[in-house]
Amino acid sequence: MTDATLKDTAVRRRISLPAIPVSVALAIAWIVAMLVIAAFAEKIAPYGFTQLDLRNRLAAPGNAAHWLGTDELGRDVLSRLLVSIRISLLIAFGATAISAVAGTTLGFLAAHFRGAVEQLVLMLSDFQASMPFLIMALAVLAFFGNSLPLLIGLMGLFGWERYARIARGLAISANAQGYAAAVRQLGATPSRIYLRHILPNIASTLIVSTTLVFPEVILMESGLSFLGLGVQPPMTSLGNMVGYGREYLTRAPWIMLAPATTIVVTTLAVSVIGDWLRDRLDPTLQ
Amino acid sequence: MGRYFAIRIGRAALTIVLVVTFAFIVLRLSGDPALMILGPEAPPEVLAAFRKAWGLDDPIWAQYFDYFGAIAKGELGRSMRDGRPAIELVLERIPATLALTLPAFFFKVALGIPAGTYAALHRGSGIDRAVMMTAVAGFTVPSFVLALLLVLVFAVQLGWLPSGGQDSWRHAILPIATLSLGGAAVLARFTRSAMLEVLGQPYIRTASAKGVPWRKVVTSHALPNAAIPTVTILGFMVGTLIAGAVVVESVFAWPGVGRLLVVAVANRDLAVVQCILLLVAMTMVTSNLIVDFLYGFLDPRLRSKGAHA
Amino acid sequence: MSPPLVEVSAISRTYAMRSGMFGRAAAVHAVDGVSLTIARGQTLGLVGESGSGKSTTGRIVLGLEPPDSGEVRFDGKPMAAPGTTAWRAQRARMQMIFQDPLGALDRRLPVAAQIREPLDIHDIGTPAVREERVRELLRAVELTPAHGARYPGALSGGQRQRIVLARALATKPDFLVCDEPVSALDVSIQAQVVNLLCDLQAQLSLTLLFISHDLRVVRQISNVVAVMYLGRIVEIGSADDLFARPEHPYTQALVSASPAPGRRSAGRIVLSGDPPNPAARPAGCAFHPRCPSAIARCKSEVPALETVGGDRQVACHLVTGAATRDAA
């Protein structure tokens, strides 16, 4: 290895280990904890999430048997919370993945074919952006009923237009000049140009968009579930628990406070990470 | 100029067409529209008459155009629950919703825009940080959690205000507060960033370098320019006046359009859902159109070049 | 004698340019009836100011965009339509060198992977052969294998252009189009890259279309030089002869503005008038508003490109008119 390459790797190492602010470190720790909980919810949970304990109904938090108390059927709030985190995160991740993939694909198609395809994508994204998503989601739920896959798919319709716009704009500018045009004239197929070259180059901007969409998906799902129109019992989600705990607001506020706090801290954590990433990765986005 | 407005109106019409198409597709995909709209208990002759009236035996494209015709005439079906025309049910709920959303809109603007502007002009100050923290909280705390927290404090603990219902003006305080706080936070954050962007522009620096008093720079250069993006989000907020209170109305048992929608979705009362969907679309499109027209006056540049933006 | 590798016959390309969203679309004749031939192993230098249509000509000759009319034949066969499979396969035989090497490279891939990319695309050789070929190419452009592990951002401008060159040579192409390949580089680096290009051309018997506004560089590398003005070729001839005795007033002005050894800098012709605007092409000879010796005929009649002796062709009423008189 020459001196030059040694210096090179040293520089790269310095870039990959930046000083992380305390707030961001906490936010990352929280998200990692949530992911671990989501992965092992049933193993960590002290009780089954539907298991009744009729002698300990509406037990207050802080007792040895039930750290976060129990609900009106004596179900352990902590166990329910852990399972709820799993379901809510499953929906949020699934939906974010769907909307990122679909939106980016549509944006690339618009950039590649231009003309009528582009106009159609732009028209649909304008339409999506101008209608309140909650109303559209409620309409779909009314017409089709409810199931977990449908809910994930429905939430996956949320935010796709942002990816589509970003992907379209960046792909057009990459195609107009620079590396994409260079690779195209090497004889590369469009899929090679878009997936191997353009996608990695715009990934940071797309990831920042993800951190904006993800918390909104969590809020949207928990809102729907809170209204009783999202995740259906006996399944439970964070919004579901809050909606359920609302009836015991006076006697047992902890039923509602534990999942509510989880929602708030999780969306806050993702936003904090998103802001930090945006400053670091993408100075062009505001 | 005329052409700018013509294009905008054309796009608004197109959005309505898309919403109607969306409703049509969803309706057809979900099963027999006659059963869906009239309900499973409808007598066969009524179903037959409905099918004939809506042309359900015609080819699909003819049905599609007939569907437009029916909607244009205001035939939006009847509620499954009490057989009344869906449009009547929805219209009679609108005043209750507006009783919440109009004051909330006023408070959002009155709190959010001055707070955002002040924060931008005093960037880094204690007030700026307080505004930003509140704004982040406004985004991360969902409205149903905020609503329940307000109930917990002001209704349950302090007993000052009722927790639900629509009997007196005191019942409206908590729902309006919930709507205002969240919206004001969003608006403050947005105004602040719009303002900061404008303040960073070269013409602002030029103006203050030329010796124009700072107060005058702000009032005659920065504010008008920051107003343009802010008008967009205000337009969106106007558009949600009808249906922006779905969650809050449900929490506070307030008999508005949002609560009607939630109940209708839970009961799969499709005529009512479809009616609200179209009404919301109309409101959104109208408010977007007004925003576009305001844009035309606020930013003369857009009239000449921004027709496709 | 084998037929020329590249034959360009009367290609034209018109863009619609709008002024503002609702402005009337104005037709811009970027390239207007250009014909060229490039013999195997030769270098054609294409000279002109910005807006003369030389880059568009280069893109059309390389088949990156189709001409509106006219035809480009490569190795006796017509160019495939852009984006087709045949077109993609053809790319292995012809390559482009760009003005901005940093823009032409993907910043997120090590440069060795980018040199290898044409081999991957055209499925040439086994992975081991490809790796060996990358090392060979790095040596050929006078870089070391260690440079291959770097990212474009960590290389100098000259090194980046060498990487672009190595990538272009990976598939052993016959034909290279170099569009202002050195004008973004420091003057000291320019000479190195041009020398390298000359050496490689000789070794690999490459055919080059070398586009530049810099007469010094063109003179060094070209066998034949064509001068473009507002979409048309105004003069074409063998390089030494053309630089020694420019016939067209525009070529004379260009040559006089460019210092050269063995020629006194006295008598430098300074062009007056507006720089050429492709959207508002003057009638008659496009050069007449700036021409120091324009006559009435130049304002109304477009001069045709005519042979004036040897391999020289000129499009100028003054030159061809006189030549015709001489011949008569």
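Chains: A, B and C, in written order; residue numbering restarts at 1 for each.
Keep in mind that, in the parts below, a residue touches a chain if its C-beta (ideal position, glycine included) is under 8 Å from a C-beta of that chain, and two chains touch if they have at least 3 such contacts.
This structure is a prediction, so every number in the text was calculated from the model and none was measured.
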Checklist outcome for this item: Chain with Cα centroid nearest the overall Cα mean is chain A
Checklist entry - Based on CA centres, what chain would you say lies at the far end from chain B? => result C
Checklist outcome for this item: Cα centroid separation, chain A vs chain C, in Å, comes to 50
Checklist entry - For chain A and chain B, what's the span in angstrom between their mean Cα positions? => result 23
Checklist entry - How big is the gap, in whole Å, between where the Cα atoms of chain B centre and where those of chain C centre? => result 57
Item to check | Shared-contact residues (touching 2 or more other chains) in chain C | outcome: none
Checklist entry - So in the complex, which bits of chain A are touching chain C? => result 1-2, 4-5, 8, 11, 177-179, 181-183, 185-189, 192, 197, 200-201
Item to check | Of chain C, residues touching chain A in the complex | outcome: 62, 64, 87-92, 95-96, 98, 100, 103-109, 117-118, 121-122, 144, 146-147, 149-150, 154, 164, 167
Item to check | Residues of chain A defined as touching chain B within the complex | outcome: 123-124, 126-127, 130-132, 134-136, 138-145, 215, 219, 222-223, 226-229, 239, 242-243, 246, 249-250, 253, 256, 260, 263-264, 267-268, 271, 286
Checklist entry - So in the complex, which bits of chain B are touching chain A? => result 11, 14-15, 18-19, 22-23, 26-27, 29-30, 36, 136, 139-145, 148-149, 151-152, 156, 193, 197, 239-240, 243-244, 246-247, 250-251, 261-262, 264-266, 268-270, 273-274, 276-277, 280-281, 284-285, 288
